[in-house]
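Next come the structures, one after another.
Two complexes follow with chain A in common, the first pairing it with chain B and the second with chain C.
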Partner chain A sequence: MTGTAPAPGRDVEPGTKRGGVNLPPWAEKAFIPVFFVALILLPFAMDSGGALLGDLTLALAYVVMALGLNIIVGFAGLLDLGYVAFFAIGAYTMGWLGSSFFSSVNNEEGIHIGVQGAAANLPGIHMNFLLVLVFAVVFTTIAGMVIGLPTLRLRGDYIAIVTLAFGEIIGRLAVNLDQVQFSELPLIGGPLGNFFGEEQVITAGRQGITPVDKIAFPGMDPFTSLELRPWFWTALGLVAVVLFVNFRLRDSRLGRAWIALREDEVAAVSMGVPAVKTKLLAYGTGAAFGGMSGAYLGSFLNTVNADQFQFYFSILVLGMVILGGLGSIWGVVVGAIALSFINNWLIPDVLNTLPADVGLDFDMTQISFGIYGFLLVIMMILRPQGLIPERRREAEMTHADEHADESVFVARA
Partner chain B sequence: MSDGNGTAALVLDAENITKQFGGLTAVSDVTFRVPERSIVSIIGPNGAGKTTFFNMLTGFYKPTYGRIEFAGRNVTGGRPDVIMKLGMARTFQNIRLFATMTAMENCLVGQNSRMHAGLFRSIIRTPGVRREEARVREKAHEELSYVGVARRHHDWLAVNLSYGEQRRVEIARALASDPKVLLLDEPTAGMNPQESEELTQFMRRLRDERGITIVLIEHDMKVIMGVSEHITVLDHGEKIAEGGPAEVRANPRVIEAYLGKQAAEEEH
Partner chain C sequence: MEAASVPATRPAAPGQAARDFVSKYGLVIVLLILPVWFGIKDLTGDEGDLSRLGNNLIDGLSNGSIWALVAIGYTLVYGIVELINFAHGEVFMIGSFVAAGLFGTIGLTLDTGAGLLVIGLLICLPLCMLASGMLNTMIERVAYRPLRSAPKLAPLITAVGFSFILQNVGLLWLGGSQEGIPDLIDSQNELLVIGGVEIENGDVLAICVTIPLLIAMTLFIGRSRLGKAMRATAQDPEAARLMGINVDTTISLTFLIGGMLAGAAGLIYALYQTTIWYFQGFTAGLIAFTAAVMGGIGNIRGAVLGGLIIGFIQQISDNRIGSEWTPAIVFMYLILIMTFKPSGLLGEETREAG
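Moving on to the complex of A and B:
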């Protein structure tokens, strides 16, 4: 429904069996501004340099990433196990275009576009964060489509395997390209070597590109690591953008085409949905948000380090989407915040010494993936549709139950 | 769409279609011509290659040999969504609705090829996109009402609708794209005689009111004989007979295919 009137589709009508937590549109519309105003004011209640605000900021960045993956996995139903690739590409975009890593460019004087303060005098490429964001979105969108292409003829688990491999390739490249110089590349090595300098390597591997430029908006001083409020608000801004796009797309021609493809590809194609284009748009859009979040995290964490881009991260983000409820926008927000806090606060800060306290010889952080696995198993048993299920998934689950009941009945008869 | 009244212009023309799967020939050298504004049927025993033939017409299979022309264009081996956009819509033997979408949303997907909203314009939701949304929703309601789905069921999830209503919604979804040709794959399967009769009436209405050409795969002889102007009989992938209902009914090869050789001999 495009108007402001409540959509009849969302009214709870007796007999429709339409369960699930789904706010009526007017409530969603009223809820969002209140929610955001509260969040904007939230940092004033906290210490601006404190750990809690840092954890919250990180959680928001993860929300952006989880909502991106939700488009690919939740809306379009393409199980992507290599989402970390887009985090990596976004973060490297930030590292390359916002640090002194390419120290030899422009006769060691550096290239500066729209930056003030200390960064303006450093060697390397230094671009304004907004510009980096644009590059990150462009690069990841292209990467998303490139990874999408080989999966177009595949279904289900096979998509998962190809995307998993793609994520691993990017992860390996991040680790090992610190041994490869631009000038050694075939064909394009000559000009690239001239531009970046003969010795320049492509990534910094496990050492990481650090320090990375702090975010600075045009005409403003760069953020600092002591004042976390601006970081929080920036992340909140990204979340707002991504939420807006998610909601708009969900109720659009494209969003319906995604769901139709997820439900029944043959029927969707025979109803005129172009499968290739529609899937590539899902990969591209989802990847773009991974890239946005990656660029932000590159700056926020002040390092672009190959250890960040390993398989576990893809699973962590996928865990957020599944925990919250596949395809459910608010569910994914909740799932991302919850898992982010479990990952960055509960396990390392609260529970870490628990095994030692009871006389065991390990830290909780060493078994964090065991904990996530346990959480997912519990979820699958108690609430397989996620914390805040999307009504479609809810319908799928109840439908499956009905079938189970029928077969029980038949078996008895 | 040209109103070719009187002139028997062909809307669909499949010439010498053959489909081989490895060593198996599923459809062999079948020529199938459909005049505009007609209702034609394809019949044949199970495994005769009827659905395979449908799948070639709609672009899901590429014929091994042969040429398919639709609305004056060569669509042989074309993509299903492109052929759909040209005006060929279909339903499926076993209903294939988008189960967790509402009846309404199913019909909106059916209009996908008639819409223009892209990624960016959908995000911004330009006035054009808003108008388009309103238009396709209105159209979806119209089509659902046209096939006889009660207004209060339009926003029910497809899984929660009764079997008969699901069949109707599937037809409405196909009609929402304003097709020139509607391919119905065993639409009366699972219907009682009265429902089948209603559907027969409905097919005539579609042809008369909206000028839609209907191609039908059916097993129910009463429906076929009652509604078809022209019948093509397939058996083991080959066309064994064609013609009007009376002609086909009397054809010994058809009786043989359906009832066995002995029955055919007894009849004569």
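Moving on to the complex of A and C:
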């Protein structure tokens, strides 16, 4: 089903499935191993505890997250403005199952599953990272489907609002549940209070759950914050898994169903695409990647803090997807790395004093989200298809005027 | 699809009656839960009467009139270009900021006499409205018009982008914390007490500004030529264009009116709350959008009704559950409405919601 590449500027022929960069299919396949070997060797070229390696690691974690959002927004065309919810759920899974936060559990002796080293003697629940990852994926997939359910009947911007509301509710819960004890919950409060301890609150709010267990693979020592190379390789491993799943899904029956729904829901449904199942799978898969990245970031950043889970973050990730190109896997990778570096290095380290240098009284970091907002506007007006567009999207976004009579291309379809 | 081709005599599917009931009255019942619950609690509790609920209602109505003004902006814009103007909450915020700036410029202070104060506010109000209205029109020109033929995702994303830009403008303007402004109208002052229900200066101001504006706007849209053009464009832009209506101008005008109402709401908010900050627009925008959807998007009367109801719910939640939970409760309502009755209280099924 590789199809032939249509000449640039021409309409996409029906039956052309492969998107991605404008390379022949074999080039994409040959490119990947070379690229990954280079990346695996990359940390040896830099300081093992340095800021650059830290930024790179963070960028890879964002790539995972952006690829997850790309499935929801890029493939299935469901604009999700509450993606931060999945980051939050993944991170809290890590915080709850891999820290001393639940200190009274099991008579203050803690529960330990597959952990070695210092964590094995601490109170609280401590599970191996791989196990936490599984839990995070399960929880976020369920959350994704729950969030998806009310949007099934809706279209377009209504979906955006509902997902935004969900994201905000999760953010609010993260902030406010530090005042609520498990034992106070209605119905299930009694047993939960017995299990977690009478005084145990649900989240740590703005204080944050900290410290969080470092990642430790079975039979290996836990990572440390001084030696960032294992962190980098783990993130790279996650990216590899997510990229593989993304490519396989895009070219699968499910991926084609997503794109069909995105292009024209009525037509897709009448051709037999099951809308409910397809949409829920998009939410579930996208959410699972967000959860994986969230659990990883919870451990890497060593805190699970309610301030991390605000609306801004959803827009940051959306910005990565838009910058790279909606639906384009390589584009999203590039967009995520670029925006992550703009966010974590360019604005705070390089440009931060620029306004002060020209005599203005503010720091660049204060207006970082204004900059992303500007970026979104500029991208949408000047290059809506993104830096590395997906072919189908490019046709849709740039040749809209030529097809003004075709309902797919018109805003008021 | 299937249902459309089946004759009406077909026996109703099991559970159809229940479904009809939910879609007809479900929203009303959900909306009544909070007031009725707390009303019963008041009656059976220490207080023994409904005066606290009455106070919630009055405060809620004056708060709600602010949300109503903002919600009309959403509804008008949605009615005509089918776009959620995400930046609308920020337009409202800028309205508040302009108002705060104008109070200083004109020289309104706590010592200003009542007569001068009224004149001063009557000067500030149109200026605020104009500033917000122009801003909204400018946003439409820059961020939405170039994308009118693009897929729907595109203008929505620029709207979010503009919302962030304006938030940062507010952040640079007055800093990142809540900024107090002089309580010019002494908004907490009890003007009169009826049966234990206190009516304060702020409530009177909110009602006195909102009602004339609503009447003026309804008359404008219902009676004037331009209003007729707006309604025609909302119904069918292509046909309106063929009838000689300048669609671009009409859309600009819609954004201008929506922005002006948001500016007025911003001024009332500044006087009523006496604190403003750059983030107020985000929450206000979502609350007002909830109001617009609750009333039935595209329906102006619905937006006003939704605004008042949301104001009441918000006040009950602030007063009795805790203001830190209010956004979560409002969003819960938003999701419930979207899920079970996306057409709202007074609206009709739209393409989006249907």
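The working rule: the second predicted complex is superposed on the first by the 378 of 413 C-alpha atoms of A that agree within 3 Å, B and C clash if a C-alpha of one lies under 4 Å from a C-alpha of the other, contacts with A are read in each partner's own complex, and residues count from 1 in each chain.
Following the convention adopted for this analysis, a residue touches a chain if its C-beta (ideal position, glycine included) is under 8 Å from a C-beta of that chain, and two chains touch if they have at least 3 such contacts.
A quick note: this is a predicted structure, and the numbers were derived from the prediction, not measured.
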Checklist entry - When the two structures are overlaid on chain A, which partner does A:A395 contact: first (chain B), second (chain C), both, or neither? => result first
Item to check | chain B versus chain C as contact partner of A:V245, first or second or both or neither | outcome: first
Next on the checklist: According to the stated criteria, A:L81 is in contact with first (chain B), second (chain C), both, or neither; which is it?
Outcome noted: second
Item to check | More chain A residues in contact [chain B versus chain C] | outcome: C
Next on the checklist: Looking at A:M380 after the superposition, I want to know if it touches chain B, chain C, both of them or none. Which is it: first, second, both, neither?
Outcome noted: second
Checklist entry - First (chain B), second (chain C), both or neither: which does A:I161 touch? => result second
Next on the checklist: Output check: A:G370 vs chain B and chain C. Expected answer is one of first, second, both, neither. What do you get?
Outcome noted: second
Next on the checklist: Tell me the contact category for A:F44 with respect to chain B and chain C: first, second, both or neither.
Outcome noted: neither
Item to check | Contacts of A:L281 with chain B and chain C, given as first, second, both or neither | outcome: first
Checklist outcome for this item: Going through chain A, the residues touched by chain B and also by chain C turn out to be 270, 396
Checklist entry - Touching chain C in the complex: which residues of chain A? => result 73, 77, 79, 81, 149-151, 153-158, 160-162, 164-166, 168-169, 172-173, 175-176, 270, 311, 315, 318, 322, 326, 362, 366-367, 369-370, 372-377, 380-381, 384, 396-397, 400-401, 404, 409-412
Item to check | Complex contacts: residues of chain C adjacent to chain A | outcome: 1, 82-84, 142-143, 146-158, 160-165, 167-169, 171-172, 176, 237, 282, 286, 289, 293, 324-325, 327-328, 331-332, 334-335, 338-339, 342, 351-353
Checklist entry - Can you list the chain A residues touching chain B in their complex? => result 1-2, 8-9, 11, 13, 16-18, 244-245, 248-249, 252-257, 259-260, 263-264, 266-275, 281, 285, 391-393, 395-396, 399
Next on the checklist: Please output the residues of chain B touching chain A within their complex, sorted ascending.
Outcome noted: 58, 60, 79-82, 84-85, 89-90, 92, 96-102, 104-105, 108-110, 112-115, 117-119, 122-125, 129-130, 132-134, 137, 152, 154-157, 159-160, 173-174, 177
